[in-house]
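The data blocks that follow each hold one structure.
Each of the next two complexes has chain A plus one more chain, namely chain B in the first and chain C in the second.
== the complex of A and B ==
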């Protein structure tokens, strides 16, 4: 694995043992995604951390598999690159058939689930939480799969720290008939809270959307922030101060 | 393709900039490359191939029917991943498998069993009998004896004579046929209730006539409502299958508490 090659040798690994990704090294934090009327929208920051260090500030964690499918990844970034390469090989092979058939989001999600499960069974996982978005027969599809192959579909979802901080906001504000603008407002609101509270985030994010007519990933941009909020202020008393 | 602006938008994309910052040191030197962050230590992330995602399955067999109920909450630690997961698979017009446990194993096991059942149908041009699925499921589970499917199964259907059949399993393939069963997160709360209401265990009275599918469905609903009060992994909704002799299989949904 690229990750294993990049990391310094740890005392536990013997020289004869096969190197496995038994723990993540260069990692991405939360990915957020919501369905809206006619499509799916996703958001993530562009940071790849090395432990607690904000090591790579310009990594695309939202990527297009094809016109109609996008993937967002949390976890080990080299494993994400590997998973994207598998999908690219699949796409090239499929294009050689020249039958016009393309994998839809449901099929990509299913394929990744099998890859993740098989790697788990070899105790050599791809250490990611992947969010797959697209459409199937005109309807939005939003799927999630993690490093052991746990897979499910949902109307909205978040990985990493977003599971703690974004999901409650999504539960409160999400509606099936949200417009695209409302979906973006919700995601940006969640990303802002994550930037305030998650230590593995920077204020540099991308959004991506998929509808029946195609997909687009935005260039990176920053959110307005407000640090004069009362709860951010450190008061003299430990009881009512900021946590 | 462009993005609709958010109502409280940040004013559009602006690139990350270090304008105005102090110039960086030219080179930190090779020694810096060998530093391993403490948080990357093996202790913090040991690979764990299993997870417990909840899931409770209940089945009640009758004279000429069987009722199966299974919840739809998918949980992980204290998170609810989704309130609408499917942990059951319809294997034939008279046979349903429902499973709790580690969801990655549950989905895989269901795919394997479904595939083998389809193979059987292609080979023999008849639907497989419930007792044959029961043995095949036991063998499939035992096939992973030394890296088990962390899956707790209840297989339900009609037997060759049209009677309700319920089979209950452990993770490595031991199984038995029982009149009623419950497995998974809410098992310990539901089994005593079923023993009392369906099994009439330790009671001095006798049931008034045979159990009907409608009565069994109501017992299943009560069982899940009760379990959801006390077990955090039980909730959201249940799927209820009714398989009766001479009638097409019915599937219904019933909402239970969501907190």
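== the complex of A and C ==
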């Protein structure tokens, strides 16, 4: 039929076709977070990788949204910047109202869930796993949302490779009445294991905490590491492999 | 003649700097039946006097719930109020969808004020002919607002709008100082009775408050907006006659202020049945 022959051919290589993000480019690895008595603590390293290359070693992946809300991100760093810009616009708008009704962590988590799910429905996701820590009515809140909009709250959580390496340790050691010191010890222990095992991690991390009185993100610091452990040593026989 | 040359549309100022169409709209609010609101501590109470459009009709609804934490009481054109309520409900629902929480009342009010103001600035529109008392509770506390066809929104501790509202305002001014203690003690009933008492002074000459012609609403921080009317209001109406908030010494003075209020309301014209 003549009409059918006249119809333009659709092809992915056509110059008018729009290509959406199909994979992340510059990525951050795990974010870990635990609730403790009176607050939430979060940890991540400061690396943004370009594929397998440790390209940007000094990137803040934990950020303060407001006095009472901190967000940590795994995944695509440019998408994280975009999400933070949305939150910043909301914050500015809110501060202009001058009514003291700032968004709490529960609201920020809910908002990000809507943004992430909406973008996934456009087949153009923000390629992140976001961890939201803060307080709501004086109680600690810890929420997670990923690039397809899956969202939940938890007592402790980890994203990226930390889901496999850190969560088992948290399950074993986490308690609701942990002190701040114990929470920090747990997170640093998890970060140390991740540094040993995760090839997209560096030995430079930040830790952040939120309590009812406010939030702090620490400057980056290094963890002490121990490489003389027997299991790290290369065995003599190539058949045995390493660990 | 006495024809007014400056009231044919809302974009024309009179030489005295007035916009008559807006003032007429505000008069529609004054002609509507009375609404009383008072905010004390964690409570906001609304009370409204309902009208019968005709003897065979039911009473017009005056108190409209908007969201779990918010309700309004209307005076003026009911149809305009319903349109504004639709907007308010939409905004609350939208906020709940996006943030999972209740919209702060003050934010909603500035949105509503903008919407109402736009009508006072355009040749092709007319101002909304309705005033509302808005009672709501959010994380910044309990709030009572008044909206006005001019696009202004005011926050009040206690206020009354509509026909003969001046006597209710006089009552509220006189008793407001006692409300904080009642609120602190959690005496919701006493606050409701005060609102009814204030409302009772706005009735027509022969009219008495009853379960049919009054309705109450109350919102408390942490628990939702609740309409109290019909049978649930009957015990309050029954107690109203015995409710004497005045200390004995002040009772004599009360008689004087009531007379003042009656004089202030003498200017109120007859009620238009189109108004609620």
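Note that in this section the second predicted complex is superposed on the first by the 222 of 243 C-alpha atoms of A that agree within 3 Å, B and C clash if a C-alpha of one lies under 4 Å from a C-alpha of the other, contacts with A are read in each partner's own complex, and residues count from 1 in each chain.
Here is the rule we use: a contact is a pair of C-beta atoms (placed from the backbone, for glycine too) under 8 Å apart; a residue touches a chain by one contact, two chains touch by 3 or more.
Treat the numbers as computed from the prediction; the structure is a model and nothing was measured.
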In the superposed arrangement, which partner chain does A:138 touch: chain B (first), chain C (second), both, or neither?
-> neither
Could you look at A:120 and tell me whether it touches chain B, chain C, both or neither (first, second, both, neither)?
-> first
In the superposed arrangement, does A:111 touch chain B (first), chain C (second), both or neither?
-> second
Name the chain, either chain B or chain C, that contacts more residues of chain A.
-> B
Determine, under the contact definition given at the top, whether A:103 touches first (chain B), second (chain C), both, or neither.
-> second
So, in the complex, the side of chain A touching chain B is made of residues 7-8, 10, 12, 22-25, 46, 50-53, 57-58, 113, 116-117, 120-121, 123, 125, 144, 148-154, 157, 163, 167, 179-182, 184-185, 188-189, 202, 204, 207, 209, 213-216, 218-224
Residue positions on chain B within touch of chain A in the complex are 1-16, 33-34, 36-40, 42, 44-51, 53, 74, 76, 79, 81-82, 84-85, 102-104, 107-108, 147
Which bits of chain A are touching chain C when the two form their complex?
-> 97, 99-101, 103-104, 106-107, 110-111, 114
The residues of chain C that touch chain A in their complex are 97-101, 104, 106-107, 110, 138-140
